[in-house]
């Protein structure tokens, strides 16, 4: 109970991760892990294309319904398939970005997800868009929290010192 | 007066809707209506491409000035013409998204606008970008509030518990 | 010292400028200068493509390392090279937008940067992404503050009334 009280006193940061691009995902994880390292209680709420970041890197054609299946072919997801929002150039820009990150000894998105988890950042898929895209809790990698709805997000955001939509 | 006092005590949420894409518009209206249903006083401030969401679905070539007219041909707007920010694929992705929304009994943007209005969400076009695009209050559908400037937005945002730029 | 105390009492606004497009840059500067004119203490934190806005308009191929050099060719930057996020159409849309801005006697991005500086808005490049893109303080125009890291941004954001990610 003393512990719960202590957590409740931490300043909160809430980030909606709407975008599924490599650069925006990086920005979101840099801010989230920095916040956590400064003692904040950080929640990342993944919705729309942002859900791709948390999808398993395997095939994962598990979505139900015909249109959802078609969508999931287009929109395969998994942290290793993210592309840049600019200069993707059939993959060349994305590949160069990944090289630059590696050379600068910069963590990959996979490493950022692991780091974030270890620092206590909560990674939550949005239930509304999961329904739209035919995703279930099985679609996501280990360590992801239970899916939750927009009301959960708004509840967190109104208690937060910092709320971002990325 | 008692009523005004009560409104003033409500927690505020302010959303800048900069983007005019179907998926981002959906995210904005999901968050806005969820906030309103949780008792928040929600203002959506539409600017740049976000103005398209509020434009009449009719022709509406009413903008003044030659360059504004050319822009309005490119940028016709109206809630039924919004496209996805990804996977539009000459309209195929957008059509699939609309099908999925319909099958999941999910409201369309038009229905979301009506719902938001009924829940007391204020929909405000930004006067600065209206000027740039040659739009007037006649360009917008019924139920939209008077246009207002960036100072109005900043005034609301600084009193808000949650402010998002979408 | 009295002066420092006075500054500390001002309400803060913090804007992450992630995007390097003309329209998003405009939105960021409109909000920042409006905030400053209303007495707020405004910090703009430029990261990823947003760094382009602050780059010198000259050639400026000063980045170190081969891959950083290749990136800087693609991603030349400088306020006069920004493009629209929509309807760029090989430059036609961007040209039309600039014409409309001029005719409406609207400031250019260059003028906005000068105005913002004069109003006391702080323009800060993100050190993490500077490292990734091989940029140093010499890469940026005059008047830009020292580069700073994500921890600086989070520190400002948690003290701010308004925080936006653009």
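Annotations
Per-chain numbering from 1; labels A, B and C assigned in written order.
The definition used in the following text is that contacts are C-beta pairs under 8 Å (C-beta built on N, C-alpha and C of every residue); 3 or more make two chains touch, one makes a residue touch a chain.
Source: prediction; values computed, not measured.
When the CA atoms of chain B are superposed on those of chain C, the rotation angle is 120 degrees to the nearest 5. By the residue-number overlap criterion, the interface of chain A with chain B counts as different, with under half of its numbers used by both chains. Centre-to-centre, using mean CA coordinates, chain A is 26 Å away from chain B.
Those residues of chain B in touch with two or more other chains are numbered 163-165. Taken together, the chain B residues at the contact with chain A in this complex read 11, 13, 23-24, 26-27, 30-31, 34-35, 37-38, 40, 85-87, 89, 93, 96-97, 99-101, 103-104, 106, 161-166. Interface residues of chain C, counted against chain A in their complex, comprise 16, 18, 20, 47-49, 65, 67-68, 70-71, 74-75, 128, 131-133, 149-151, 153-155, 157-158, 160, 163-165.
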